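Look for chain A in each of the two complexes below; its partner is chain B in the first and chain C in the second.
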Partner chain A sequence: MWLDTLALMPVLLLVVAGLLIIVLDSLDNDSPVLPWVALLGLLGALVLELNRLGGGGRFLFEGLLRVGGFSAYVNAVLLLGGIATVIFCRAYLPRIWHAHGEVYALVLFALVGMMVMAASYDLVLTFLGLETMSVALYVLTGLAREDVRANEAAMKYFLLGAFATGFVLYGLAFLYGTTGTTRLDLLPTRIPNTPLFWVGVGLLLVGFLFKIAAVPFHMWAPDAYQGAPTPIAGFMATASKAAAMSALLLLLGHGLGLVRPQWADVLAVVAALSMIVGNGAALMQGEVKRLLAYSGIAHVGYALVGIASASASGYAGALFYLLAYASAALGAFGVAALWEQRPDRQLPAEDLSGLGRRHPLLGALWVLFLLSLVGFPPLAGFMAKYAVFAAAVQAGKIWLVLIGVITSMISAYYYLRLCVLIWRPVEAHPLPSSGQLASGVLLLTSALLLWLGLWPSGVLELVGRFFEDSGLVLR
Partner chain B sequence: MMPQWTPYLVGLPLLGFLLSGLLGLLWPRYRRWEIGIGVLAVSVVALAFLLALGLFVGLPQEELPLRVVLYQWIASGDFAAPIAFRLDTLSLWMTLIVTGVGALIHLYSIGYMRGDAGYWRYFAYLNLFIAAMLLLVLADNLLLLFLGWEGVGLCSYLLIGHWYADREKAFAARKAFVVNRIGDFAFLIGLLWLFREVGSLDLGVVLDRAGAIESTALGAIGMLLFLGATGKSAQIPLYVWLPDAMAGPTPVSALIHAATMVTAGVYLLARLSPLYVLSPGVLGLIALIGALTALLAATMALVQTDIKKVLAYSTISQLGLMFLGAGVGAFSAAIFHVFTHAFSKALLFLGAGSVIHALEGEQDIRRMGGLSRHMPLTYCTFLLGALALAGLPPLAGFFSKDMMLTAALGSGHEVLWFLGLVSSLLTTLYMGRLLVLVFHGAPRAPAVSRAHEAPAVMRLPLVGLAVGAVAAGWIGWPDLLGHGAWNWIGRWLSDSTADLEHGLSLGLEALSIALSVTVAVGGLWMAFRLWGRAGLEADHMLQRRLGGLYALWQSGYRVEAIYERLFVRPLLQGSAAPLRWSERYIAGGLIGLASRSAFFIGSGIRRLQTGLLSLYALVMLIGALGLLAWFLWRSL
Partner chain C sequence: MQVVLFGICALLAIVGAVGVITARNPVYSALFLVLNFFSLAGLYLSLEAQFLAVTQVIVYAGAIVVLFLFVIMLLNLRPEDLPRFRLDRTGPLVVLLSLGLLLGVGMGIWSLLGASFPQDPQAQAVGTVESLGRALFGRYLVGFEVVAVLLLVAMIGSVMLAKRRFQ
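For the complex of A and B:
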């Protein structure tokens, strides 16, 4: 028991750091030291997770959780997102007069929920993680209390989220009622082919698909991202999606791994819809954060192509995709956060004009992030798309790959437009906030994109080791 | 020296490119720090040269060829894309040429480009060129080779258009790019075909299995790859871009359009020589094209009035000789000529650059003359380069040219051998003419009297290259002497090339050499007599004597006009109607339909995205019902 608790150290570290932030915040309101406390906790957790990345997973608390391996990888992605978010918040929040200390605590608590989701082998625990994450995110979305748009965003997110939670709980009840367990490792042997069981699975899926903003459960995302503070929008687009996606992967790949044919096609349809709707809607967007929201919906579709392939290489591809997408999207949201300057916190695309001429480095990085999102070789986005598409071809889902390739060609239109825009010979304002640390994060993520694109085999092999050849059991 | 160092050969110049490029892009003050930029660019290439030298000295010939795998980019299933380099006698030799001559020309550029607004850009591209060229010669995989092939083409385009604000120069760059594209297209088709036949593009596999390819396919592949080579190496029918490429800065002409990039075609033939020797028909065609190019380009060189154009046509002609050599199966002799030609032609270009520099941009030889008094060092080195190129023994050009010509004679191509001999004669004539008109006689323009020697940083490379132009040939004495015992370069290169044996009797070889020497001495004597006495008047006299022929040479055999009428104009006119049609139906119709439907979906979604919460919930509910219906249907 004591050893098991010790193995949960990364999560506990975040809990402690979050509580510490609340205490410190009550002593010295909005102290500038708070983000550093958060960073310290995050970095410590990241080191611990990276340390057990290579080894196999280990069950804790009699099979309730499994740490290391798969969960270590996902947690590393989540923590990367957390670190970037804290650093961007530090540069961004003072500018919109909301440099509240509790933001950092909330980010850490949301991460705790996410990390639990990525490790949980019991659906009740998964549900707890999901709710911990969601409640923290609802609050963060509505951070700008006096702003109507922020209120609206938080309210919508909360109400629809509560709606989705209802689905999850119902699904859980049905699942438990038909199988007598909520444990993912016991589930494979107890699957009854009764309609009630599948109703439960369907209801459960609604909840997860809502959290990753897959079509048709995506409608909240653009409004929520637009109303939320920009770094928080980036956090929601990357970390929360990665967490829910990994929970989905655990449920489908592990719990329901033996009945793959039953769910693979429906996920393929959701993936196709997400790619079409996400990219199609992004074409029409003039506001950068809304555009990135739709782009995120499309990218969830691409990652789902990997899961819909229902094979070891497909799951591995999806995991790789999460990292590649998170690096590029964090960078893009980060640049948007640094550049945004309107009091209503909007960033129309035209505002980007002249960014590249004014700040060549920032402009070059922006182009790099968007090109990776397009899937331009030799960046990570290309490798990630290649990985999931290759798996889908092996699984015989050629039509899905065709849709994926065509929609990514369409996506090039709006991404490249944003790339070109910034080099217009227009006098642009200087960066509103100095963010040297933030620039460091941007450089780091861009290096990650290049590394994953040029030397992908290391990470690809790593994520491939998490799955048996049958694609069934996670290590 | 460990072979693991090989990737740094490409990596060092690439690093130089990235540093110069990024610093220049991001830090405007760096752009004016010319010393820093120049030293960085020169030192990465010089380091690469030292590295190549270390590999050359440190690796025993018996251990070659070596395969150095940098890393696997993609390895999925049967498909693997390794980044691997091949170290053998051929690639190592080419690497030495590229880095050695390249380093000297980089050094020269420091002085030549002084004060240019695009100084950092120039050196960044020049470094990138070296990296791409080394990738081309070192690649172990034809796809990787193609990457380098395209890379040098890109750098050539960028550097020809260095002064892109000048419309003429921008057009010249575009022409070079487009004409090369034709060759590259054929090259790519050839590669794909080869992949279909062999199932791999790794050099080791391709060369091993060359014999198993069916002969028609092999011939077609050989032809396609050769067409690619004619584009890059400026041979008939794709040579027209090279004279225009002289719009670039002169060191660029020396490096890219004389010493290295244009020899890529010869390198390709030598690299794939085991494949080419299996299709004698293709080889014969290559020899014919080479001989014709050599002859025609030499005649055109004789009537040019732009100092750089003379050298450009001369380059085309010399490349033709190399193709002749490769075509008769003397691949190692062709590479030997690449080596000696790199020295003499780079030297001539840099000398021309010094002259142009001294005359403040003047390139017309009719307004030069008498420069030897003002620029003694340039004159001496230029003289050595010209004599070496003209094939005067014992300077470098003689040995390699002789090796190719005796091979042509020995393999039974007497006509082609004769054509080669005639082009050699023409070479001595136009080199003599150029030398006399530029440096001898009385000055024909006031600027000449103000001319002065270039700074030391430009003089040093001239001396270095002159040493090469004199001595580079001494590593390959004719078989006549010691029965090939003194032909070191032949033994070194033939490890990698599949040279055809030719049994030429010693008597005939002696005759061939004697004729070569006679031609060289006699031609030079004629040139000095003709132009030395009459100066420019000799040109007019030739014009009167030769009449229509001279006019034909001046018009470049009307090739440009023919291309214009045969391809360019019909293409423009013929494509006007289809273009309108496709604008309307393909772009406006199909693509328009696709984009309209994408936008339609987009706007439909946008209309749905009203912001009404109840609607959002409704859509979710419909989605949930859809999911449930699906699962129920599947489970029933």
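For the complex of A and C:
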């Protein structure tokens, strides 16, 4: 038992850092030390997770959780997102007069929930992780309490999220009722052929697809991202999606791996709809955060193409896609957070004009992040799209790949427009927040994108090793 | 005996649930909710989940409904402010979707009539405080601790959002 608890050290570290922040905050309100405490905890957890990345997974607490391997990889992605979010928050929140110390604790606790989801092999625990993450995000969305738009965003996200939670619980109850277990390792041997079981699976899927903002459960995302503080929107768009996606992958690939044909086509349709609606709606957006929200919906579609392939290479592709998308989207939201200066926290696209001439480095990074989101060749986005599309072709879903390629080309229009816009010869305002640390994070993220794009084989092999050919056993 | 008890409790639960959304006066809605909670507690009892039944009454029918009533009292609604229950433009769609969900779930349950459920050998004693405690502090200890974080998040979040801060 104690050894098992020790293996949960990364999660415990975040809990301790979060508690420490709360205590320090009560002693010295909104002290500037707090983000550093959060960063220390996050970096410690990241080192521990990277350390067990290569090794196989290990079950803890009689098969309740599994650490290392798959969960170490997803947790590393989540922690990268957390580190970037804390650093961007440190630069951004004082500007909107909301540099509350509790924000950092909530980000850490949200990450605790996400990391539990990525490691959980029992749906009860998955649900608890999901709720911990969601509750923290509801609060963070409504941070700017005096702003009507933030209230609307938090209210929509909370009500719809609570509704989705109801769906997950309802589905979970049916699943337990028809199989007698909530454990993912026992589920494959107990799948009954009753409609009630499939109703349960369907309800669970609705809940999870809501959390990753896949079409047709995506309506909340643009409003929530627009009203939330920009770095938090980036956090929601990357880390929370990665966590829910990995939990979905564990449920479908592992728990329901034997009945793949039954769910693969459903996911393929959802993926196609997400790519079409996400990219189509993004074409018409004038506000950068809304645009990035729709682009995030489209990217969820691309990652789902990997899962819908229902093969080891597809799952691995989806995992690779999560990292590539998270790095690029975090970077894009980071630049938006640094550049945003309106008191109503909006960033219309035309506000970007002149950014490149005023700050060439920031402008170049912005272009790099967007090009990776398009899937431009030497960058991570290209390799990620290639990985999921190749898996879909192997699985015989050519139509899905066709939709993916066509929507990618359409998406190039709105991404490139934003790239060109910043080099307009307009007199632009100086950078509102001094963020050397934030710029450093952006540089590191862009380096990661280049590395993943130019030498992807290392990471691709790593994620490939998590899955055997059957797609059933996660090592 | 059990069938009769189930029938009474289920009927009352449905009456309560319909009453919650159709009652015009929010106080009546809250009282219908109490009826619904009590009937659910009766259903839990018939499933030998004594602990769940007791918590249902204490936490939901007791604490939560009292909170509802406090909020309704503080809002101080006048009778003319109260909306009438009616279906507006989106009404048919809502009814259609709800009926669709009901149909799906109902068909699933219908298919189970006469089917045998996988028997969990420990299921007989699963509702007692003892077995619940063993599960909570045994296999699900990690989950129990995660709930601690979840409740802490809810607490910190509500304090942060509600605290009056001018900077």
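The definition used in the following text is that the second predicted complex is superposed on the first by the 475 of 475 C-alpha atoms of A that agree within 3 Å, B and C clash if a C-alpha of one lies under 4 Å from a C-alpha of the other, contacts with A are read in each partner's own complex, and residues count from 1 in each chain.
Throughout what follows, a residue touches a chain if its C-beta (ideal position, glycine included) is under 8 Å from a C-beta of that chain, and two chains touch if they have at least 3 such contacts.
Note that this is a predicted model, so its numbers are computed, not measured.
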item	value
Touched partner set for A:Pro360, first chain B, second chain C, both or neither	first
Which of chain B and chain C A:Val199 touches, first, second, both or neither	both
Chain B versus chain C as contact partner of A:Ile276, first or second or both or neither	first
Which superposed partner A:Thr179 touches (first chain B, second chain C, both, neither)	second
Which superposed partner A:Ala447 touches (first chain B, second chain C, both, neither)	neither
Which of chain B and chain C A:Phe217 touches, first, second, both or neither	first
First, second, both or neither for A:Gly142, with chain B first and chain C second	second
First (chain B), second (chain C), both or neither touched by A:His100	second
Overlap of the chain B and chain C footprints on chain A, listed as residue numbers	194-195, 197-199, 202
Complex interface listing, chain A residues touching chain B	152, 155-156, 159-160, 163-164, 167, 193-195, 197-199, 201-203, 205-206, 209-210, 215-217, 219-220, 222-223, 262-263, 266, 276-277, 279-284, 360-361, 364, 378, 383, 386, 390, 410, 413, 454-457
Chain A partner contacts - residues on chain B that touch it in the complex	25-26, 71-76, 595, 598-599, 601-603, 605-606, 608-609, 611, 613, 615-617, 619-620, 622-624, 626-628, 630-632, 634-636
Footprint of chain C on chain A - complex, ascending	8, 15, 22, 61-62, 64-65, 97, 100, 102-103, 105-106, 109-110, 112-113, 116, 122, 124-125, 128-129, 131-132, 135-136, 138-139, 142, 145, 174, 177-180, 190, 192, 194-200, 202
Chain C residues touching chain A - in the complex, by the definition given at the top	104-105, 107-109, 111-112, 115, 117-120, 139-143, 146-147, 149-150, 152-154, 156-161, 165, 167
